[in-house]
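These notes open a run of structures that come right after.
Same chain, two partners: chain A is paired with chain B first, then with chain C.
Let's turn to the complex of A and B:
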């Protein structure tokens, strides 16, 4: 047993209102520099949709992540020799057009244009070339299903839906979407680390944050393809790759990452998980439909004396173990089994988990009224989610969150529905005690668990959402540096300007 | 006197520059070590430029280095005419491929505006020098037959004499001007090396062949894994 600690995340999609505050908070801190204008280390996508960069989930196109071939795990992108052979040209690299060409406007024209017959305009100019450009796409071009015949219709996750189910999604009355905020998953088996020829990307042992050494990066640009989530970005100006750093300078000083801190819907939870690093390999080899179970199994119980002993033997401090015991992520992922990894079939073991959104039920227009058909006949109160009548087929969710295993997603929903029915029964008395009991049985839960889920979902305090482990970086650096010298030097880490090399 | 400057002073200066400035840059400004790939900005033309250029020039350069390191074995290798012909013709083809690739790369940087904005002055110098050097090389190979052979008796002893700090320039001073330009061009590239993106060549990630896929960095590790 090789117990390690991982700073992990849960995003509760039911609470996401798609306001993009997280993205803007991140951008203002980290990616407002030249060469990073197009990067959104945190982005919020509308699902169904093609996402950012376009069609990032389509690994036939980008060859990201891992694949299981005859019992062994291979990078989809390349073998070792192939990686070096393709180093002069990466055939699967997304280019700036797969994201969007960043632009600004010539605002000074509004003030400086000579007097004339026409109103002066602020024309868009490219932030790459500085020349006039026609805007063809931008961040969240398909927000809220904008242009859905072009974008949402091409969502790779819709592939397994029947023609009828797909056409339903285009009917105005039946349209459905939800938001999917994404940051780097800080995976246990990251594809970017494995794909980097220079070995510049590494996982921090103490907290599992995945970082790119800007000194070692040589712009071989394999990480961008290797990451199946397309969460490594290429800074075209400095010639270095960059990615979400989970705001480690903030974490180290006890603050939540900027996107977590600023989240308006309070959908984000952050906490420590303990996992068994010896089992990473076997976990990544599980069949697609068993990946979620395997992923849960690698996460260890922080109250188990054996686990605690192994953690201590690995140098994990008591304070860190304590943080793991109070981790909201542990509750959502392991205890309640409500949060699922995004696309586990990429086999990178992502450590950002999602509570899938409640599915709105189908309504039909009849005599000028929307009617929810079939309400009541399953013992479910009206206006509540019903799996059987969900607008968004379960198969779609399973494709996103459970490697195609619908049973796992269904179990999550049954529990969420039970929580909702039980809480509504307390406050608006819609459901009878029998109905509540039935929902709890179906949802495999009990009143205590329901209350705990309700508290952490609807009324958590700041400290309950973010149990920031004491990373004690100042103690970790003591061995090599004076902590007081180190302290003002932390951050993104340049003591000189990141000047592009000749 | 000019010959001494060109064939003794210049090679030493260029190598010293490459080592000293290259090392300085590596140890004190490592952030600037990068291949500065612009594939992200322009994809299509790069394929037709970068791949032929790199493969062509690497193979040709490897032949140069092998002959320099193992002159005796190289001599035996080309001792039979048919082997010499095959080797030379292969060389012509590879050089032509490299020239086409480099031309494409230059055209790309001129025409693709996105790639042009990330092209520095030194990039232009480097592109021009590299193209000239490969064109000169092909010129020499085509019009001063069999270079694979006389290389062993001219440039090789000259370079070895430079390495052993006993410069003998008589091996090269009598050569035609075009050949001399090609020799000097080689050292010009070495001199340009630390000042350009050419430094990416020294950090070719050969260790990728054997390094473990996952890299975990510990600040302080209590227990060795």
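Let's turn to the complex of A and C:
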């Protein structure tokens, strides 16, 4: 047993309103430099949709992540020899057009244009070339558009739906979409780290944050292909790759990352998980439909005395273990089994989990009118059967969150439905106690758990959402530096000489 | 705009392009060499069948033994290009040269001709033009050696010693095919010297010719006054550069004859247009082949995702209409 700590995340998709505040907060702090204009370390996608970069989930095209081949785990990008052969030319890179060409507007024209017959306009100009351009796409093109013919219709997750199901999604009554905010997953088995020929990417020992050394990076750009989530970006100005750093400078000083902190819908949770590093390899080799179970199994119970002893033996402090015991992520992922990893079949063991969104049910038409009153089969679908009458087929969600295992997604939904029925029974008295009892049985839950889920979902405090572990950087540096040497050197200009520009 | 959109990936495309270029050049060279080598080995086998019969080509003259150091040096260093009283060779006949030229000038000229040419000495420049633009080489003679040579030249003028009759050494019959083999290095020199091709180029040894360190030898036969001049040159190797390489490893007489025969054969006025066409065709075919190969190797590369996706939809819409 090799217990390590990982700062992990949960995004509760039911609460996401698609406002992109997270993306803007991240952009303002980290990526409004030259060369990073097109990067969105945090982005919000409309699903069904092709995402950012276009069709990032289609590994037939991008060759990201891992694949299981005859009992061993291989990078889908290339092996050692293939990597050497392609070292000067990685053939599976997205072009800037697949992300989008970043632009701004010539606002000066509004004030400085010579007098003429027409109103001056601020024409769009490319932030890369500085020339006029026609805007063709953006990082969330077709935002808020369910059923758009190009981007929504080509969502790779729709691939397993029948032709009939797909065409139904374009009917007005069935039109559906939800939002999928994405940041780096800080995986346990990161494809980017494995693909880097320079050894520039590493997973921080004390908290599992995956970082790129800006000194070691040699711009081979294998990480960009290696990451199946396309969350490593190449800075064309500095010639180095960059990615989400989970705002580690904020975490180290006890603040939540900027995207978490600014989230309007309060969908984001952050906390520590303890996992068994010895079992990473066997976990990644699980069959597709058992990956979620294997992933849950690798996360260890922070209350188990054996786990605590093993964690202490690995140098994890009492304060960290205490943070792991209070982690909201542990509750959502392991205790309640509500949060699922995104595309576990990429086998990188992502440590960002999603509570799938409650699906809107299909309204019934009677005599040309939507039936909104009545109970049972007469009106809106009864609560319990809402899963069967969901507009979006479960198979879509299973393709997204459970490697195709519909049973796992269905179990999550049954529990979420039970919470909804139980809480509605308390407040609007819609359901009878029998129905509530039945819902709890089907959802495999109990009143205490329902209350806890409700509390953490609907009314969590700031401290409950973000249980930031004391990262104790001053102790973490001991591994490589004498703390007394480090302390006076952390000030201005000691570790790196101050430099004009650059 | 399209071109500029690719800009973020510019370092990559540069690396790819340069990589491809290096690859292409390498492959092209390999191809050309393979072709020329095949040609050579063919001609080599024909050559070995005909065994050359040694015949005395020209009567060797009486070489005076008397005359001291000056005569010896003259024999070794000067007779490749100069005669005394037997007419112009590569350089002028030196009969009466002591009377013609100022002694100081003559001393400087024999000691450092290269420097005088560089300084645009009027006589030197005129001589250069007169004698096919073949410059008088710096023979690295010491002051006393130069004085000895001048003394010897004076003595011949005054009839005190016999002027040497320039004579090509008795050479056997040369075989041009064997000469080509020696030139290209398919056959080694007996003394172990490097093949001529290492430094020199000549027409008739394949489209790429040879090295460019030394001068092109295509017209050397006529420039050096045919068999007599070239023969003496090959036997004495008087130029400093050549002497450094060949001084300790003289060519065998059969080798000299073969090389002369080969150089006499290739002494055409210019390279044939055929050879130039061949070279261009090889370059074009080679480049196309390398490009085709790289395309084949990376045929599954990702060439944009969003554009094709949108294009597909627009085409479908157009088809519907």
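One rule holds in what follows: the second predicted complex is superposed on the first by the 457 of 502 C-alpha atoms of A that agree within 3 Å, B and C clash if a C-alpha of one lies under 4 Å from a C-alpha of the other, contacts with A are read in each partner's own complex, and residues count from 1 in each chain.
Here is the rule we use: contacts are C-beta pairs under 8 Å (C-beta built on N, C-alpha and C of every residue); 3 or more make two chains touch, one makes a residue touch a chain.
No experiment lies behind these values; they were computed from the predicted model shown.
Q: Going by the contact rule set out at the top, does A:295 touch chain B (first), chain C (second), both, or neither?
A: After superposition on chain A, A:295 lies in contact with neither partner.
Q: Could you look at A:149 and tell me whether it touches chain B, chain C, both or neither (first, second, both, neither)?
A: second
Q: Check whether A:47 is in contact with chain B, with chain C, with both or with neither, and answer first, second, both or neither.
A: Once the two structures are laid over each other on A, A:47 reaches no partner at all.
Q: Name the contact category of A:415: first (chain B only), second (chain C only), both, or neither.
A: In the superposition, A:415 touches no partner, neither chain B nor chain C.
Q: Touching A:182 in the superposition: chain B (first), chain C (second), both, neither?
A: neither
Q: Answer with first, second, both or neither: which of chain B and chain C does A:55 touch in the superposed model?
A: Second partner only.
Q: For A:334 in the superposed arrangement: first (chain B), second (chain C), both or neither?
A: After superposition on chain A, A:334 lies in contact with neither partner.
Q: Classify the contacts of A:219 with the two partner chains as first (chain B alone), second (chain C alone), both, or neither.
A: The answer is both, since A:219 touches chain B and chain C.
Q: Quick one: is A:193 in contact with chain B, with chain C, with both, or with neither? Answer first, second, both or neither.
A: first
Q: From the superposed pair, tell me which chain A residues show up as contacts to chain B and also as contacts to chain C.
A: 88-91, 93-96, 128-129, 131, 219, 221, 234, 236, 239
Q: Applying the document's contact rule, which stretches of chain C touch chain A when the two form their complex?
A: Where chain C meets chain A, its residues are 1, 4-12, 15-16, 19, 298, 300-302, 304-307, 309-310, 313.
Q: Could you list, by residue number, the parts of chain A that touch chain C in their complex?
A: Interface residues on the chain A side: 35, 38, 50, 53-55, 58, 61-62, 88-98, 101, 126, 128-129, 131, 133, 136-137, 149-150, 154, 219, 221, 234, 236, 239.
Q: Chain B touches which residues of chain A in the complex?
A: 2, 75, 80-81, 83-84, 87-91, 93-96, 128-131, 189-190, 193-194, 197-199, 201-206, 214-221, 224, 234, 236-240, 313-315, 473, 476-477, 479, 494, 496, 498-502
Q: Would you pull the chain B residues touching chain A in the complex into a rising list?
A: Chain B residues touching chain A: 25, 29-43, 46-47, 50-51, 53-55, 113-114, 116-118, 120, 122-123, 195-197, 199-200, 203-211, 213-223, 225.
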